Amino acid sequence: MQIGVIGASTCTSEVASLAYDVGKLIAHNSAILVCGGLGGIMEHASRGARDAGGLTVGILPGFDMTDANPYIDIAIPTGLSHARNILVVRSSMAVIAVQGSYGTLSEIAIALKLGKPVIGLNTWDIGPEIIEAKTAEEAVKKAILMIQKRT
Amino acid sequence: MQIGVIGASTCTSEVASLAYDVGKLIAHNSAILVCGGLGGIMEHASRGARDAGGLTVGILPGFDMTDANPYIDIAIPTGLSHARNILVVRSSMAVIAVQGSYGTLSEIAIALKLGKPVIGLNTWDIGPEIIEAKTAEEAVKKAILMIQKRT
Amino acid sequence: MQIGVIGASTCTSEVASLAYDVGKLIAHNSAILVCGGLGGIMEHASRGARDAGGLTVGILPGFDMTDANPYIDIAIPTGLSHARNILVVRSSMAVIAVQGSYGTLSEIAIALKLGKPVIGLNTWDIGPEIIEAKTAEEAVKKAILMIQKRT
Amino acid sequence: MQIGVIGASTCTSEVASLAYDVGKLIAHNSAILVCGGLGGIMEHASRGARDAGGLTVGILPGFDMTDANPYIDIAIPTGLSHARNILVVRSSMAVIAVQGSYGTLSEIAIALKLGKPVIGLNTWDIGPEIIEAKTAEEAVKKAILMIQKRT
């Protein structure tokens, strides 16, 4: 099972802690964490997954594997810039959006367009299709539930 | 000058007429119309530009030039599926969003992320960066003004 | 009709003249020239097409329309780096390869993979599918013939 | 360490066995196998790596994770069609080419263009930059040596 975590490359310590917990719980549930591979939300979630013994995949916008944050196990340097956002979404059976700015919004929109479950943690409120969650536990639980429903 | 028109591949006749006028006015202003090359808003805008003697570019999601609507002069079949949305935005100095659903929202978000002017005609209201317009005339005028300001 | 010209971004003056003639003849035949939009072969071919009153499309690897050589009418900045090579091939009904290095070889290979006619002017000799030409005239003539055969 | 294996999606049983050994040896050397995720060379190499307890990444051309062969641990459905070849190359510190047709040739050309080490096992002979190998052992050994030299 591959679960995506999307969010900005900079964040407050409060949100960092939320992302860390999301990553940890993804790993606890034996799922693979997929993200954009950079800093901020992506790094904190990757660190959480790594600390829990999980596997992390970073789908990078640039050309260089070393762009990945230190908690990425498998680096996919796409050289596609923002177009890599779509690959993050496609490579995830569900995505958990943690806060986020326009980049995250474009990922949410593409996920909804592709019919992927989107769990929102304090993120954009653009429509009823976004499944809201209040805690990391709730977010990961709902993501897994949605994936299981579909398969 | 290259101006993008983004919007859904199906639309009501009222919005179709709005898209047609946007295309026509882009051509009247000697600008090149860039769009996703398919039906709906894209087709009506292309038809408007063509009727006004303008040039139209369709950046297609699929593999085949013949996917383009009949009013496209230059077809770019990307084979990139939804990732082509980003190319539509990058190839436009400003984008005019006409209504639209999640696909359009992802294009608006990516345009704002890339710092491109977005003119909204009856579209998503996701932030103050979207420049609202009430008519086709106002939309094209504002798009050109924003482009001229930047160059 | 859209015809692609592929080749390196630097070239000798002799090959430059060949590329120029190819571009000119594409325009004389009312075809649109598609290329990678940068210097060398791409620029000389674009200049030839422009001098003959033709239309030129540059599918750029980078993010900026201003990366295009001065003879490009329509700039498509993909931000996809080398992946844009595939878009050059897809957007061409036939490609004329003028000399070229590994970048050009990857384009030739992808064109053959996609079943597109490849006309070779002093280029890689990797298989019998490449249609050899000795002059710009012969190359453009064969490209148009191959396109007409298929449609 | 991420090592790519490239080759056609159909192959003879003799070459299949070669690909299997390459995959197995990549895993024995604790490297991650990166490939295009489909059948033929890609599947046999993945099976070899899996049998040796290794980790496999499949960068798929299509939209669906289930396109991956049964030995892929991490599926990246890009929806980019042939453009995904470039991602396979970028995600590999060295690539081992096993036989292969035009698709493989395009990957070899792009790898050489990007300056990545290419080890050839009975593959295209397009230039001295391709490092020839006669056996799976020699190929994997040379790939690892080239990667270590660079880091």
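Labels A, B, C and D are assigned to the chains in the order they are written; within every chain, residues are numbered from 1.
FYI, contacts are C-beta pairs under 8 Å (C-beta built on N, C-alpha and C of every residue); 3 or more make two chains touch, one makes a residue touch a chain.
No experiment lies behind these values; they were computed from the predicted model shown.
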Exercise for review: Identify the chains adjacent to both chain C and chain D in the sense defined at the top.
Suggested key: A, B
Review point. Between chain A and chain B, two copies of one chain sequence, what rotation angle (nearest 5 degrees) aligns their Cα atoms?
Key: 180
Check your understanding: If you tally the C-beta contacts, which comes out ahead, B-C or B-D?
Key -> B-C
**Study point:** Centroid spacing, where centroids are CA-atom means, of chain B and chain C in whole angstrom
**Key:** 27
Exercise for review: Report, in whole Å, the distance between the mean C-alpha point of chain B and the mean C-alpha point of chain D.
Suggested key: 40
**Study point:** Overlap residues in chain B, where contacts from two or more other chains coincide
**Key:** 63, 79-83, 86
Practice item. Would you mind writing out the residues of chain B in touch with chain D in their complex? Key: 63, 79-83
Review point. For chain B, which residues are in contact with chain A within the complex?
Key: 80-83, 86, 101-103, 105-107, 109-110, 112-114, 124, 126
Revision key, fill the gap. So, in the complex, the side of chain A touching chain D is made of residues 2, 32, 55, 57, 59, 63, 65, 74-80, 86-87, 90-91, 93
